[in-house]
Amino acid sequence: MIAAHLPVLVVLLPLFGGLLAALSRHNEAAFWIALVASIATLAAAAALAGQVMAGGPISYRIGGWDPALGIEYRIDAVSAPILLLVAAMGVAAIVYARRSVTVEIIPERVAWYYTMMLICLAGLLGMAASGDAFNIFVFLEISSLSTYTLIALGRDRRALLAAYQYLIVGTIGATFYVIGVGLLYLSTGTLNFGLIVERLPEITSPRALIAAEAFIVVGIALKLALFPLHAWLPNAYAYAPSSATALLASTATKVAVYLLARYLFAVFGIQRSVGPISVADALMALSLLAMFAASLAAIFQNDIKRLLAFSSVAQIGYITLGLAIANEAGVTGAFLHIMNHALMKGAAFMAIGAILISAGSSKLDELAGIGRTMPVAAGALTVAGLALIGVPGTSGFVSKWYLVLGAIEAGRLWLAILIVASSVLAVLYVGRILEVIWFREPAKRSLEAQAVPLSLLAPTLVLAALTIWFGLDAGFPVELASSAAKALLGVSKGALP
Amino acid sequence: MATPRGILAIEPRRRRVLAIAVVVLLVLVGVDFFVEHHGAFGIDGTPGFAAWYGFASAVFFVALALGWASLAAVRGGRRDD
Amino acid sequence: MTGMLLSGEASLALALVIPALAALAIIALARHPNLREAATLVAALALFIVVVDLLTGVLAGARPALELAHLAPGLSIALHVDPLGMLFTAIAATLWVANSVYSIGYMRGNDEPRQTTFYACFAIAIFATMGLALAGNLLTLFLFYEILSLSTYPLVTLKRSREAMRAGRIYLLTLIGASMILLLPAIIWTYAISGTLDFAPGGFLAGRVGPEAMAVLLGLYVFGAAKAAVMPLHRWLPNAMVAPTPVSALLHAVAVVKAGVFTILKVVVSVFGIETLQTTGSSAWLVYVAGFTIIAASFVALSADDLKRRLAYSTVSQLSYIVMAAALATPLAVIGAALHIAAHAVSKITLFFAAGSVYTAEHVTKVSAMDGIGRRMPWTMAAFTIGALSMIGLPPTAGFLGKWFMLGAAGGAANWFAVGVIIVSTVLNAAYFLPIIFRAFMKPANGPVREAPLAMVVALTATAAGTILLFLLPDIPLRLARAMVGV
Amino acid sequence: MTDALAAMSPAYPLIVGSLAVLLFRRGVVQDALALLAPLAALALVWLVPEGTSVPLQWLGLQLHPVASDWLARLFGTAFALAAAAGVLFALDRRSTMERAAALLYAGAAMGVAFAGDLATLFVYWELMAIGSTLVVLAGGASQAALRYALMHVFGGILFFAGLGIVAAEPGGLALRVFQAGSPGSWLLLAGILVNAGAPPVSAWVADAYPRASWSGAVFLSAFTTKAAVYVLIRLFPGEAVLVPIGLFMAIYALVYALIENDIRRMLSYSIVGQVGFMLVAVGIGSEHALAAAAAHAFVHILYKSLLMMAAGAILRATGEIRLSALGGLAKLMPVTAAAMVVGGFSLAAVPFTAGFVSKSAIMAALADDHAALAWFLLTAVSAGSFLYAGLRLPFFALVNGKAPDTVAPLPVSMKLAMLVMAAFNLAIGFSPALLARLAPPIGAVKVLSADHILFQLQLIVAAGICFGVLLKLLAPKSRITIDFDWLWRELPAAVLGRLIRARKQLQGFFEPVLTTARSGIGERFPVWAVRLLEAGNWRTGDIALAATALLGLALLVAAV
């Protein structure tokens, strides 16, 4: 009974949880509501993933309406891993928030903060679960609005500015997206993905569709911080509360990437030429630029949160590069990296958050020798850093493996070398962090750092442990990613001529 | 008779020794005429061959050595000794 | 049947577990230096026993294997002993014992800071070396290769001085950078070509890729394994000389550079296959690159006044012997390469022990300041002499063994360039080692006889004796080397 | 018993003796051990049965550590005698290092003589290099010792390279006759020739030996070059290229010996010259010629040791070794003077000395082989040899000039050693059969025949007359003559200096360019690049602009 409604439950659970939390107005109660809601969501997502892996795509019609008229929720091999990931990261971020909010959020707003987290989760999950282009826009707005709030709740005054900037940029992105969807609707007369794909071959003049593609892709690119549209991200991540940063870094951009993959593979066709170059080539060029420029920028940062934020831009470059390679190994790599990067970056932001809470700074030069006083947090940061580099034994290695394999199978050895070359830049920025936190004589702040409560460290450690686990036994994520890749590549045959 | 100079200035004692040596050599060459030779190359079996060949060789090698020395000799020691 | 006490799988697991546990124990015993060092010694001895047991089995023909983790379809972390890996394992395990004894003398004698870090990271490095040597496939090898790079970084920077940190950065960036940019793509390329990464006797690339591509692939492997210090990726090694001597010994003899040449040799033997390389000629270019490195590094060593720097460039040169032999790709040559790994390990560790001993007792680091040191430290410098003779390749020292096979191979393959390189470099080796010895023994001493701490003297005497013993009784390494190429 | 003996190389007593000397550092015990070792070795030389010992497995090779035949015994006897006499001579020099090194050196040479395969031979060959280097080093001249060592490393690695290559050939490690044709055998030959003092490295002999101590040079003069001759007889008999090389060595050495001032340097050149004689004989390659070469090597060890002893005695007694600074020693040091004359005469092949016997055997072999050029040249060189060894050396050292007021007295042991060696020289001279017993094939040569003695006497007297006339020209002068060692002592330094200067110039040229480039990059690093790297500080408008631009671009491309 419940099982049949899982596709919608996975969105509704956090949504209602959020409402409840807002109503409770009590910090402690809000936390427990959020925790229960997020765990229930995770259970739902896991069940969905199990169903999809076992029995193929699930279609759910809201109110029983035909997809042509109503809204269809569609969970398939591509969206199931995203749901699972977002739900899982939601649990981790909420557990983490319990202690971090006491320091970072004004007490009166804590319940509100949990509400926003849940609603943001609902928006993100909705984007992944929905099979309706306009419905996705709605969820996009839900998640964006709650995200602005989450960022703005940071105590740093610059957080407000960052939230404002993100608000403007996000609105532009959403607007572009909705314009694109409108054009798509004009061409095909439907908003349902499945129907759009079905009707595409009938379209004789694709000009409107191409315009739709331009608007949609650029709109999503803004949300996923594709280079050079990434400039909002460093500030947002740097000044948001730690738990919000961890949540956003590991989910928001990932869902946007998922959306991009959906549109490019299923609707528009990634290998199609637009003018002199193919979409894939353009995406590849931007991805490479992101990998190198953002990594370079990361090297010169002094604030570890900003450093990690730039690193995120670069890592998103890997993911989009995997999509641009557009063969099975490449796309598998992209999806693997969506999941692996979420885990490692979540761990990294949680670890630096713990350090920030305890030592009062996230500045590199003030945290010399912090490894001595906070070995656990520094250890988690180290594991995450090694995964960012792609050291074997960490999950980052596995995703890089598939990306490089994809490049080589595509006959592009130079691309393989570029991929690994950019991870050497990661050696530089991770190396800087590691050198400072482990191999310098402790600075004043480091010596004064206080013990961190377990509830902060537990989710951090779980994510770090998963990063290593999936580095040594990647069977599960690889299975998820490769079925997602197969699904995407399978439908892309039906794309535009 | 002018006194010989330079390398030919021979003091009396050496002159006596030299004279004896010449006499001895002459005697040896003389005896050489009366022994049976087993020369392998013809000329080396002729009496007195060793005498003139030996003298010529000695002069030749002295000349060669002194000539080389005048070309390749340097005063003083070696840099890395 | 195989004469082993433990099952092969148990031995494999223990070879990894013992050093890992040792690292934990060392950290736990940080506040009790005597217990901490005892932990190191006990672990080293235990590992030695396990490895000897494993060796008995391997010599009897056993080839135990053990899968540690299944990464993804077709990719696994797995151990699988082969003769070459066994040889490296045995070298590293044996030298860990010697180095532990020596380290205790050195670290205490010089009152070095961060000794717990030292012993712990050393144990991790041994752990990585065991994994690398016993690796059953390229992925496992790469994994442990990287662990080795990372675990030795704290050792290189142990002094924490500006200079040490700089050296550490160069060290890490060169090793990780090269392995990421070149070695990893090479491995993935290999996987893409053949669909497998499991080492196989005779290699598995034959016929799957053209000669030119094979040459490129080999280049990626050779330069990717920057631990082998083939020029121009050799700068990290002399830079890393700022570290304390036991660390240098680890880098030069026990683990790090050996891991580099081991990787290259392993790839040549068990991935490409020497017959394949021989018939395609894909490794011919490498003979020239390695030959250049041999000669050029020798010239640098000749002009270096700093003793450890001279030794470092000597290592660069000696490593390229092994690479050159691998590039010759004949059974005789790779036997020579394998033997040279063993010979260089035991002799170079002797040289570094002696250098550290001189430093501990006299704080002398320059060759030009070593006048008469041999009269004051006769044991130390006698050991140094034996090590140096081995570097030159004179009998009765171990260095003779490898050169013997390499020369035979080079001549047999009519590769006169390689023969010439060996001849010239041997003379150069002598030219930069003999003056040290002559100076040490012939110049008048400026003080009384005063040896380094006993532990150090014991260790360096043992390795010097090993250098001669290896020459007299080369049977075990030779059998392993022969089994490696199946002759 | 015989089996046990068959495995005993005569090298072992010497090597054990060397170690024993190291262990027993003081006094009579060490002396006794040092003397006993070569005598034991001598006994073994004759006790070890002829033939090859049981093979030994090592490094996958079949080794024969001991093999004996008349040739090995001949060289073994010479080496043992030289070692014994050398130790006796050096008994008064209390240098454990030199003594141990000398015994090791002798033992290694002995090992070469009795090696039953190429690998064993090489091991002893290298051991010989180590031992001899230590002997040179014990004299205190570490630079010269270094050059010596490097030269031997060079020779050793050439030999080694050749060995490594020929070992893979069908013959394996067996001692066998090579033709210098394949690269392996060429390398082998080159390695042996380095030790023999052949051009272009001949100069190492005269560079190193005179730098040893007064006793060390005695050992040095005996082993290395003769061991090389031995190996050539074994491996390259009849190798034609040896004839010109040997002739060159004979003439080269004569030229330098005639103008040399340092007695021991002169004697060192003389070694090269005499080895040249042997090389010619080996190059001829008939059974007779090979035996003659071996016999000459034997005899050469006897008289060259004697001469080196005499020179050492002079050095020890006067502290001086330059002819130009010596004179009139005959009355002060009669034994030494006698030794020098006997040795010099033996070198110059004056009848009734050992040198006459062996050199006659060589000349006879050349004549038999109709090697006219070699015969005439070597006859001429013989005459020239008498000039320096029989006349110039004794005359300027012992007769001419002002004698020093006093000289340090020599210990009995030194005198005894010289007397013993002189006695050997004369004994063989009067009874050539003694030598023929060691080298059977030369037994056929009739040495003490009237025409032969007459021939040699004429040659010598004629040379003597030449010396008498040209006495002043041959007077010793303090100077050095450029030799082959210029190649490795001066040339590299010159080249290196030039290279360093060139590099500096190059740097001077490029430095400004590089500096400009560096600062240029720093200064002109494009503003947009900096802006990109600092994306975190973009204004919102910038991001919007970028997005719009991208969209515009996409639409533009699509519209086209």
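The first chain written gets the first letter, and so on, giving A, B, C and D; residue counts start at 1 in each chain.
Here, contacts are C-beta pairs under 8 Å (C-beta built on N, C-alpha and C of every residue); 3 or more make two chains touch, one makes a residue touch a chain.
These figures come from a predicted structure and were not determined experimentally.
Taking the mean of all protein C-alpha atoms as the reference point, the chain centroid lying nearest to it belongs to C. By C-beta pair count, the most extensively touching chains are B-D.
Spacing of chain A relative to chain D, judged by their CA centroids, is 78 angstrom.
Computed from the mean C-alpha positions, the centre of chain A lies at a distance of 105 Å from the centre of chain B.
Computed from the mean C-alpha positions, the centre of chain B lies at a distance of 67 Å from the centre of chain C. Chain centres here are Cα averages; for chain B and chain D they lie 31 Å apart.
Per the contact rule defined earlier, chains pair up in contact as A-C, A-D, B-D, C-D.
The touching residues of chain A, counted against chain C in their complex, run 386, 389-393, 398, 400-401, 404-405, 408-409, 413, 416-417, 420-421, 423-424, 427-428, 431, 435, 438-441, 471-475, 478.
Touching chain A in their complex are the following residues of chain D: 532-536, 538, 540, 542-544, 546-547, 550-551, 554-555, 557-560. Chain D contributes residues 58-60, 122-123, 126-127, 129-130, 137, 140, 142, 145-146, 149-150, 153-154, 156-158, 160-161, 163-168, 183-184, 187 to its touches with chain C in the complex. By the touch rule above, chain B contacts chain D in their complex via residues 7-8, 10, 14, 17-18, 21-22, 24-25, 28-29, 31-32, 35-38, 40-41, 44, 48-62, 64-66, 68-69, 72-81. Contact residues of chain C toward chain D in the complex are 332, 389, 392-396, 401, 403-408, 410-412, 414, 416, 419, 422-423, 426-427, 429-431, 434-435, 438-439, 441-443, 474, 478, 482.
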